[in-house]
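Same chain, two partners: chain A is paired with chain B first, then with chain C.
Our next item is the complex of A and B:
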């Protein structure tokens, strides 16, 4: 949406394809904030933000992209305010900022207020503001169109997508000089996820089928505070406003795991601490399967004004009014750090070279700014910064192209149509729900918060079995009108690509880093926290063809400042 | 795990094969961990994959799964099915053309939303930093900006049923006031002009169905009243 705005305002003819009405995309569910070192409440600097992001990424993030993002942050957040975003305000009229996990002042010293917030509805306010600005810019939206496949010519240049109008099932080719994917994540590969039903990794599936490798797919963020049982997200902003995690003894256990940042340590650290508490018998509830997020000590006024959405979610999904009683929470799959490999210009990069005409931004892309673990609020920032930068790259690219579109390459179109035909004609097949459930259970059991060597190896076998099921899915709904059964089957074909990439990449990476932690990577002086920089300071690249794995180096060289040197990570 | 059988009566219409709509009686086994109507619908769809509805976030912020539930508009993901009388009767939102089953064509609804120019208008060059706004001025936007465009309100409004092409409807008018109330917006007069019409604003007869059904607890009638007050003030 940010990219579309940039393109439309530059006067380009811009088509946005979305399988849901644009304000229904999952950005709408982001709660806590968007980070920028505005320094509205206390001193802050983009270099501190950059340090926190590199540290949060467990040094797997590319430092050129991270510098670019943190430096651009104040500018893009200010622009968003100018677009009409209803940020909360400080007494002096500036944008309100709250503390968030892993965001510290002065290179890791103490928590800093950096998350710019609109109550606990920041994503909703942002998505609506961006949509509204696009209405003003006359962006053309194709609402409820599902992109099926990427179209590449014989030289690999991207020519557009083939897409299906959901209302009619009509299949149409969208030929374009430049194509951007902002298709979001694929959290639905897991059984328990904060993600929406629509988060099915469609862009990743399309890229993988078109021969583009996927980067760092073993790194999935488990958000510490999903509502136990329901999976619905409770923002880290709750802890930013003073919320505390407690075990069955009522103990503030994060003091043991992160003596400095405590409940505001990085998400991977907090999630592991919670699972450790539960595994060691200090979980809460009759099944001792969750911990409690306590805000009963906060002023009810603060809860009503700063966390109204959370109170609503807690009442509706946990049956608990957080003013009176703590919220039951459990780590829940939340965000995919990996994705389509890009540089900080938003160009998709394969074998060190940009793919002509192809761009990606947001959760589906891997720039990589999040590395092995993303900091809260950096996802909304990611889509603003790289939405804008990729659109600027597209504008330059389009200007350099001849006016006429090249001849359409038809091979990908034929393959895509054949895929839909196979599904329509399948008999004696597998129910979509059965295949999807098998995938989600496999991912949850074999590739969760803590990972085990044997389970991963077995997980690879199992997920390849599930893939065979996905190749034979059958639907009984044959209607041409809004056939959601067909859409779900096509989504599953995208999810399975992501699931394979995740399991196979995770099985191969024999160290612990950020969100990827495994039992056979010991904490030694040479490999602190199990992190093995000598062998694994590199990005994974998984290709669909033969499930091939390749690796590329991490860029430790920022654009204008000194490298943030490797260090053991503690909070 | 204990299960229970829950009975439904669902509006079905597939223009591909049905000459006219009909009500389907169907029941489904639900677990004690199932809570919401959307959980039930998801399981119904496993049983019969032709049952068609929109859904996405399943937490009441995306606005996809609005429908008419036992005669009242609401979001399936926020409604506890155990609170509902059985058979639970599900119909598409009233007053809009049905595409299929519980899916309506929302073109008219969005057309009205777009007609109020739903974006901040401010032609002064933006400052280097953010435009300042006091916390009190910002508070004016509470209860307005949270709208999720689910259309529960507009499709429960008799005035919108009669004149969907002329009356902006509660959702659009709530949005109109959201921008009128924003101190950063400089187009109040233009916005009031845009609504000064026997239909666009004044078809609201304060029936208050919109307030009754809003799943976010917003109050479009109040916002409409404030626009009317501004019209009056401007006239004298």
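Our next item is the complex of A and C:
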């Protein structure tokens, strides 16, 4: 919507397609805030923000894009304020800022207040401010339309998308001089995810089918404790209050992994211990796929007074009252760092050259500012900065095009229609739910928060098997109107592309970096944190065709300042 | 259940896909367990609730806020219980 606004205000005819009403996009879940070095509460500087982002990315982020984002941040946040975003304020009327993990002053010295928020509804307020402004600018919204595939001509230039109106299942071509994907993340590839059901990576699936590689898909951020089977987060405060993690034998296993800190060890240590327990057969439940977070030994009064929200979540989503029984938990996927490869102008880049007419921004894109690990509050910033910059690139591109639209290339349209036809006609096929569950279990078990060489190799085989299931999905409801079964089957065809990209890229990257942590690339004095810059300081590019992997160098050269030199990432 | 426009029912089903995971989970259960036994008037009330922004909707489901309309409040009671 940030891009649409820029385009509409420039007087261009702009159509926004969305599967749901735009203000119900997953961005509504963002509570924490959006980062910008405004320096309203204490001294701050974009170069400090840049340093934190490069370090957070474990040096896999492109430093030109990171400089651009951090330098633009104060501008885009101030613009958003002018669009009517109800930011929390200081007494002097300036935007109130609070600290957030990983954001520091003076190149990593001490925490700085950089996050701007609108109470606990930052994402919601942002969607509303941008939507209202778009309505004013006459952006044309096509709500409850699902884009199915990208249209490219014989030279690879992008001509628009094929989309389906959900109400009628009618398939329509949207031909455009420029096309932007801002389709969000694909967290639903995992069995346990904090993402809403709508996050099915459609943009990534469409790009992959159109021959665009996906970048750095092995990098996913996880949270150690989500409710098993649901994904809703249990805050780390529960362990702070005395919560204990137990395996199927009831053992307090953290004593073995972190004899001193035990259950209060850092996120990665806890996640890794949980996964190791599950992998070694000491998981709980019929599928032995989670562990237990036990607070039954705490005084019920303490639980009621200090952790009321957690009790509610546990009763509602795990079906257990934590006063009486332990909560099933599992490391839970939260954010996708990789995506459609772009430069900081928002142009999709393949083989070093922009793809004419194609742009991407937000969680579906990889600019790459988050590298191997995103800092909290940097993703809402990513939406604003690259939404705007891609729109500016689109405006320049469109102005240079002839007035008339070129003749429509029909090959992709036919392929897309055939894809839907296959689904409609499939008999003796696989149930969508079964194929999706198989994918999610495979990803969670073989390519979760902590990864093992053999499990990854096996995971590649398994996910290619699951792909065969997805190619044969069958739906019993063939009706046209709001056919949710068809929509979900089509979404699964996108998810599976992301799942393959993730598994295959992760299997190949034999180092540990940021959110990609492997058992066989441990922390040693020669390779701190298991990172191997000599061999792996490069971006992965996975192509759907033959599951081919290629690599491209990380851009270590910022635009105007000196390179932030490689260092061990430690906090 | 008495006749309710089947097209409208399917639209309602899709509009029950929300931006927040917690709502998705609650509404999924609501559809599996309770939706089919709602009366047309109750479905109308549910439809009005769907117009709430996700954040307000979740607050109501979580008991942090209430709805004034008694028909809507009754649906919310069901959602709180599933």
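One rule holds for everything that comes next: the second predicted complex is superposed on the first by the 464 of 571 C-alpha atoms of A that agree within 3 Å, B and C clash if a C-alpha of one lies under 4 Å from a C-alpha of the other, contacts with A are read in each partner's own complex, and residues count from 1 in each chain.
Going forward, a contact is a pair of C-beta atoms (placed from the backbone, for glycine too) under 8 Å apart; a residue touches a chain by one contact, two chains touch by 3 or more.
This structure is a prediction, so every number in the text was calculated from the model and none was measured.
Participant: Should chain B and chain C be called a clash or a fit once both complexes are overlaid on chain A?
Facilitator: Taken together on chain A, chain C would clash with chain B, as the superposition shows.
Participant: A:347 in the overlay: touching chain B, chain C, both, or neither? Say first, second, both or neither.
Facilitator: neither
Participant: Where does A:433 make contact in the superposed view: on chain B (first), on chain C (second), on both, or on neither?
Facilitator: It touches chain B, and chain C stays clear.
Participant: So, does A:44 touch the first partner chain B, the second partner chain C, both, or neither?
Facilitator: A:44: touches no partner chain.
Participant: Give one of first, second, both or neither to describe whether A:23 is in contact with chain B, with chain C, with both, or with none.
Facilitator: Both partners, chain B and chain C.
Participant: Between chain B (first) and chain C (second), which, if any, makes contact with A:94: first, second, both or neither?
Facilitator: In the superposed model, A:94 contacts chain B only, not chain C.
Participant: Have a look at where A:124 lands relative to chain B and chain C in the superposition and call it first, second, both or neither.
Facilitator: both
Participant: Touching A:317 in the superposition: chain B (first), chain C (second), both, neither?
Facilitator: In the superposed model, A:317 contacts both chain B and chain C.
Participant: Count the residues of chain A touched by chain B and by chain C, then name the partner with the higher count.
Facilitator: B
Participant: Going by the contact rule set out at the top, does A:476 touch chain B (first), chain C (second), both, or neither?
Facilitator: First partner only, chain B.
Participant: Taking the superposition on A as described, I'd like to know which of chain B and chain C A:202 touches: first, second, both or neither.
Facilitator: neither
Participant: Could you name the one stretch of chain B listed in 113-121, 131-139 or 149-157 that collides with chain C in the superposition?
Facilitator: It is 149-157; the other listed stretches have no clashes.
Participant: Do chain B and chain C touch any of the same residues on chain A, and if so, which?
Facilitator: Touching chain B in the first complex and chain C in the second, residues 20, 23-26, 28-29, 121, 124, 128, 167, 196-198, 230, 232, 312, 316-317, 479, 481-484 of chain A appear in both lists.
Participant: Provide the residue numbers of chain A that touch chain C in the complex, in ascending order.
Facilitator: 19-20, 23-29, 121, 124, 128, 144, 166-167, 193-198, 230-232, 312, 316-317, 479, 481-484, 487
Participant: Write out the stretch or stretches of chain A touching chain B in their complex.
Facilitator: 20-21, 23-26, 28-29, 38, 78, 81-84, 86-95, 118, 121, 124-125, 128, 132-133, 135-136, 167, 196-198, 229-230, 232-233, 309, 312-313, 316-317, 431-433, 475-477, 479-485
Participant: Tell me, which parts of chain B touch chain A in their complex?
Facilitator: The touching residues are 14-17, 33, 35, 45-46, 48-50, 52-64, 78, 99-101, 103, 106, 110, 114, 117-120, 126, 128-135, 137-138, 141, 145-146, 148-149, 179, 182, 184-185.
Participant: Using the touch rule from the top, collect the residues of chain C that touch chain A in their complex.
Facilitator: Within the complex, chain C touches chain A at residues 6-7, 10-11, 13-15, 17-26, 28, 53-55, 62.
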